[in-house]
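A single structure is presented below for examination.
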Amino acid sequence: MKKGKPERLIIDGKRLDGRDLEEFREMEAKIKVIKSADGSAMFRFGNTIAIAAVYGPRPMFPKHLQNPERAVINLRYNMVPFSTEDRVRPGVSRRSIEISKILKEAIAETVFTEEFPRTVIDIYIEMIQADGTTRCAALNAASLALADAGVPMKDLIAACSAGKVDGHIVLDVNGKEDNYGEVDMPVAMIPRENKVVLLQMDGLLTKEEFEKCLQLAKKGCMQVYKLQKECIKNTYKQIAEGDENV
Amino acid sequence: MKKGKPERLIIDGKRLDGRDLEEFREMEAKIKVIKSADGSAMFRFGNTIAIAAVYGPRPMFPKHLQNPERAVINLRYNMVPFSTEDRVRPGVSRRSIEISKILKEAIAETVFTEEFPRTVIDIYIEMIQADGTTRCAALNAASLALADAGVPMKDLIAACSAGKVDGHIVLDVNGKEDNYGEVDMPVAMIPRENKVVLLQMDGLLTKEEFEKCLQLAKKGCMQVYKLQKECIKNTYKQIAEGDENV
Amino acid sequence: MKKGKPERLIIDGKRLDGRDLEEFREMEAKIKVIKSADGSAMFRFGNTIAIAAVYGPRPMFPKHLQNPERAVINLRYNMVPFSTEDRVRPGVSRRSIEISKILKEAIAETVFTEEFPRTVIDIYIEMIQADGTTRCAALNAASLALADAGVPMKDLIAACSAGKVDGHIVLDVNGKEDNYGEVDMPVAMIPRENKVVLLQMDGLLTKEEFEKCLQLAKKGCMQVYKLQKECIKNTYKQIAEGDENV
Amino acid sequence: MFKPEMEYVRKLIEEDSRIDGRKLDEMRKIEIQTGIYPKAEGSALVKLGETLVAVGVKMGVKEPFPDTPDEGILIVNAEFPPIASPEFEPGPPGEETIELARVVDRGIRESGCIDFEKLCIKSGEKVWTVFVDIHVLNNDGDLITASGIGAIAALLNAKIPKYNEETDEIDYSQRTESLPVSKIPVPITVAKINGKLILDPCKEEEEAMDARITITTIEDTICAIQKGHGGYFTEDELKRIVDIAMEKGKEIRELIRSKV
Amino acid sequence: MFKPEMEYVRKLIEEDSRIDGRKLDEMRKIEIQTGIYPKAEGSALVKLGETLVAVGVKMGVKEPFPDTPDEGILIVNAEFPPIASPEFEPGPPGEETIELARVVDRGIRESGCIDFEKLCIKSGEKVWTVFVDIHVLNNDGDLITASGIGAIAALLNAKIPKYNEETDEIDYSQRTESLPVSKIPVPITVAKINGKLILDPCKEEEEAMDARITITTIEDTICAIQKGHGGYFTEDELKRIVDIAMEKGKEIRELIRSKV
Amino acid sequence: MFKPEMEYVRKLIEEDSRIDGRKLDEMRKIEIQTGIYPKAEGSALVKLGETLVAVGVKMGVKEPFPDTPDEGILIVNAEFPPIASPEFEPGPPGEETIELARVVDRGIRESGCIDFEKLCIKSGEKVWTVFVDIHVLNNDGDLITASGIGAIAALLNAKIPKYNEETDEIDYSQRTESLPVSKIPVPITVAKINGKLILDPCKEEEEAMDARITITTIEDTICAIQKGHGGYFTEDELKRIVDIAMEKGKEIRELIRSKV
């Protein structure tokens, strides 16, 4: 058994951080957080904080990497060294390479890359704090940053996690639950079209449990999506109203 | 003294694996073992198994690496992680770089590289199992793979090892003999022309012993050469006879 | 406290190697020490020995690294593995990258790089022995090597260190003094113009002490400069006189 | 880059047929050989159609991770050696190779098939490390499935070498006890092309596919899921894929059991 | 490459004015927030004009270096993540980033502000390692000053996690004692443009500057100097810069003290 | 690429003469200086014609390899620093450099010249590691011979520093006992050009040569052979080269003995 595992993670229907089973941690979304980027955003689930910056579309060099038919999407997911309890060694890891790959593939589904042949769109994501559900926060921030950069997209991507903890199906798995719980299942969707563009799952689930998780994640994604839309709307409203602090 | 060293490696003129001093382990040669390659081969001395694949000649990129007068030969010798008792860490090592270099230099001696200026011939060798005499098995497989790819060559290269174990000059040194014996001497030849194209030796030999080893290796190379020729002949014969399982 | 620290580093006004406070170790300068280089030099402070070689100006490749307005200066400072008591692991370190950068920036101040657009000047420095004040020895050697290569320069750079040891301001800090003393302050100047082109300092100094160190270093740089000029003059004199051993 | 072959594959699928004549939900023939690499503690050679993967299990003794002082360690590594691929880039493994290793790793780890506590030699000090090395010998598509089958077959085939605690030496010539492996996780990969779900895509199909998903199961339980490659699945498609993964997983599980 | 912007900056300086309206010896506004990254033992977010730097302190337990068996270890690392820079090169940190980390490192180390002997757990066997990670979120010039301020603010904010010597475990959820930090080293950076000394250069000024120097002080003592970037200073200029560094350092030291 | 110089070298050899006026079986002048790098435990500077190689021996204390618990460790490393070569590629050592280090390593190791058991401090726990670092200062051909001579000269020159087992400290200022080196392996390199064997090729000859071989001997025994560079030798040529290597090895062995 893993050291440090609490005896119970859910007590009287409440999770250790006080949440109900199907309750999100506090969520926060913000765009235009990095001045130098073409688009940028921050997305937060409780203590999990992602910052994304988008540069491009811009001509790709060296030339032999260009795709004559579409923009190439380049995505880098990175953990800040002090984002977790055990310091993360700087540089790429096998984990960050895999996550960068699946995030890139999910993002590519929404971008009209064919409008920008021979260019590259760079998406850089920094996990400032990591407390579970990091790749979902990363994807939410990246999608907002793309929107902020004005990159033509079919729709936003919204992501959240479902999971199984102490036998219960829960929404928005935090770090402790991920570490000591039974199942973590990150899901990303294009919510309006009901399309699942990212899906991973680790741990044991029956078919029924899987379907329940998926349902719950789907509902969660709709909530995330709503927050993302509001964030964009509010920001542009503030800009229209001349708020300099945006 | 090295730990684990058996008291004797040769008892009553027989080696620990039952062989006579001048006897090969079971040898096996096979071509067309990798479907996607332009040419491929397997060569085996007992538990030492090499697989080689050839791609090319094909145009070389980036262009500044091209040789306007001849094909460039690129060769990579690699140990599969589970090929030895102590797992081999994936990736290149100083040992594999040196072996790749000397194998490439030996191979280059037989290929009419001047017929294919500005191209590259890639030769990839995987040591699936390693039990001594690996570079010789590698070279035998590589030479067969080049022939299978139809690359114009002066002749095949045949390689085997001789050595000194418990004071005796022996043929085809196995892993244990290499580890605990006195001398390992891999030799590669173009047998029909009596040309030595690869020669290394580690350990103490008098001039007389060296000459005896060389003689023995030369005889061994002729045997390997014979097996290689038969392998090619039989394969094409089977193809001519319409055997689909080749 | 650091292990191995001597009780006192200065006894009766004398340093452990017998020098006075404001005395240099034996210095030596020599040019044309590497046959294959366009210019080369050796500079020595006691047991600290630097060898520098200059190649170029020559066309820079790949082309996209060229500067259309000036020569690019490339400088590599490297410690030979056996140059210190604890063997230096081969390859670049964070320390060597930083030192290479500040030496390059200091050197660039004296070279008429605008006369050689699209070229590169490679300056390679090997610390053969390291006993304190290494970067100053490196810079003195590099500047001499550039002169030897005939690269047009405003003037030579002369460098030396001052420091604080056992409460005294001293000239030319050696390895033990650097390790166990209070302050090491390497300084490089274009002496005739009174310009400080390199200045670092580690340790605690009051303003008055800093100014005293700077004064002392300035005097030291003049001495180094004199030696450098003599070295060049003597070498060309010897050449003019037909000495083959130069 | 217009690829006529890709278009052909997609057109065929539209007509419910496949380039190699299979039905949409038909796997290619699976051949499994175990124990053929004597230097490895366990090994398997898996042929899935023309896809050929060698998997070797090696064991060593190490300090355990601080948070699991009583458990052995699993390390899954994949290599895509150049012999199997005309376009080879030297250097560290690429993202495809890393994803392959990590998906196989999670299938094994999450299934709980290895009793890691039995691999503890001395709590907090010494545990067995189990290296599973996947070596791709030919890539004709669906490497994840072939590698996942190879990995569990090699683990079932593996025997623990003798370890002398006093001298801290491993005697690889004496392998007696089997690895404590109790379940058989099986990954099943489904691709989507032109809105149709197809099982076990071959290489031409992988080049033409819109989306890909791998579901690893042990009996009636899912133990790992990985959607890869872009594209999307609907909720309904995902439910059907779970059914397929369970059904086909059962068949392959029987096959593996019969081979080891 | 003729850069009109650069020429404009230089022309302004000649007239004793700056692109952002500051006086030559005026720093930009400094904002310091501490403790906002809960996973770190200590943290600070420093805004220096539009330059934004996050610094986190993490601690771990290691063997000491052989020549200082009774002292904790300091490791300062800087990352210049691509979010903050349109021209990003993947790979190991470049020379600018390394210089940044090393200058901040020396400012802290040489000031003696950390009592490293208090970070010894067991002489010669176990000491605390203090990682100071500098993460640049926006670069509008004078990164060294912003990072140096962030580093000391994060160190002052840091609390040591509980360490159980018997089980060799760190409990990061229990952080009680403060790090033994007693002094506040402050780096001040001065640039020279067209012969004039200016304080705290912004990015446009850095692109136009001839020379740069950073002097770190604690009260009336200099603890580190780094001349960077090429160009030169005269002896007289250096003396004036030391005065500036001491005076401005004092102001910033007060600000930091008020924030932690 | 037609190289007129190469053709000239080959033409000369045909007429039994060489570009630097030597006879075919004549070595260039060898100069050996030892002990000139005081930070090293042992050192040698070898000049072979214009080829100049510095070799330093450094020692450290480490855990032995598990299969040789009672033996010290030898590590031979070569660096080809850019000062000696107009075409320098930064990065890890290339294949030429690695071959150089490994050939010198095998010559020393296989000769048995170092008594590794005398370098054991505590069986299974602590042994001396002997680093032999080859630093090429000028390359005018036959680096292997120059480096091999330098390596054994530096080893013969080396003195073991004092080691305090209790404090685990090495005192490099006190070096007393000599390294236990009893034999003098000498590598001899022969090149073949236009069917002729020539001794100790200079750089122009290396560029023109067809084949190369290095034979290391101790007295009347061969201890290592490395054929490199392509081309071939006949059995008869090999026998003649062994004779040359033994004869010339003897001469150089005397020279080394007189210098250390």
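First chain written, first letter: the chains are A, B, C, D, E and F, and each begins at residue 1.
Just so it is clear, a contact is a pair of C-beta atoms (placed from the backbone, for glycine too) under 8 Å apart; a residue touches a chain by one contact, two chains touch by 3 or more.
For clarity, every value in this text was computed on a predicted model and none was experimentally measured.
**Student:** Smallest number of touch links from subunit B to reach subunit C?
**Tutor:** When the steps are counted carefully, the minimum from subunit B to subunit C is 2.
**Student:** Both subunit A and subunit C are touched by which chains?
**Tutor:** Common neighbours, subunit A/subunit C: E.
**Student:** Going by average Cα coordinates, which chain is farthest removed from subunit A?
**Tutor:** Ranked by distance of C-alpha centres from subunit A, the top chain is F.
**Student:** Please name the chain that ends up farthest from subunit C once chain centres are defined by their CA atoms averaged.
**Tutor:** The most distant chain relative to subunit C turns out to be D.
**Student:** If you average the CA atoms of subunit E and of subunit F, how far apart do the two points sit, in angstrom?
**Tutor:** Distance between chain centres, rounded to whole Å: 48 Å.
**Student:** So the centre of each chain is just the mean of its C-alpha atoms; given that, what is the distance between subunit C and subunit F in Å?
**Tutor:** Computed from C-alpha means, the inter-chain centre distance equals 31 Å.
**Student:** Residues of subunit E that contact two or more other chains, please.
**Tutor:** 66, 169
**Student:** What residues in subunit A touch two or more of the other chains?
**Tutor:** Touching at least two other chains: 3.
**Student:** State the interface residues of subunit F toward subunit B in the complex, per the touch definition above.
**Tutor:** Subunit F reaches subunit B through residues 1, 66-70, 95, 98-99, 101-102, 106, 110-112, 213, 218, 220-235, 238-239, 242-243, 246.
**Student:** Quick check: in the complex, which residue numbers of subunit C touch subunit F?
**Tutor:** Residues in contact with subunit F: 3, 34-37, 40, 47, 51-53, 55, 76, 78, 80-87, 90-92, 122, 124-126, 128-131.
**Student:** Spell out the residues on subunit A that touch subunit D in their complex, using ranges where they run on.
**Tutor:** Within the complex, subunit A contacts subunit D at residues 1-4, 68-69, 94-95, 97-98, 100-102, 105-106, 108-109, 185, 190, 193-207, 210-211, 214, 218.
**Student:** Provide the residue numbers of subunit F that touch subunit C in the complex, in ascending order.
**Tutor:** Residues in contact with subunit C: 37-40, 43, 50, 54, 56-58, 60, 77, 79, 81-86, 88, 90, 92-93, 131, 133, 135, 137-140, 169, 172.
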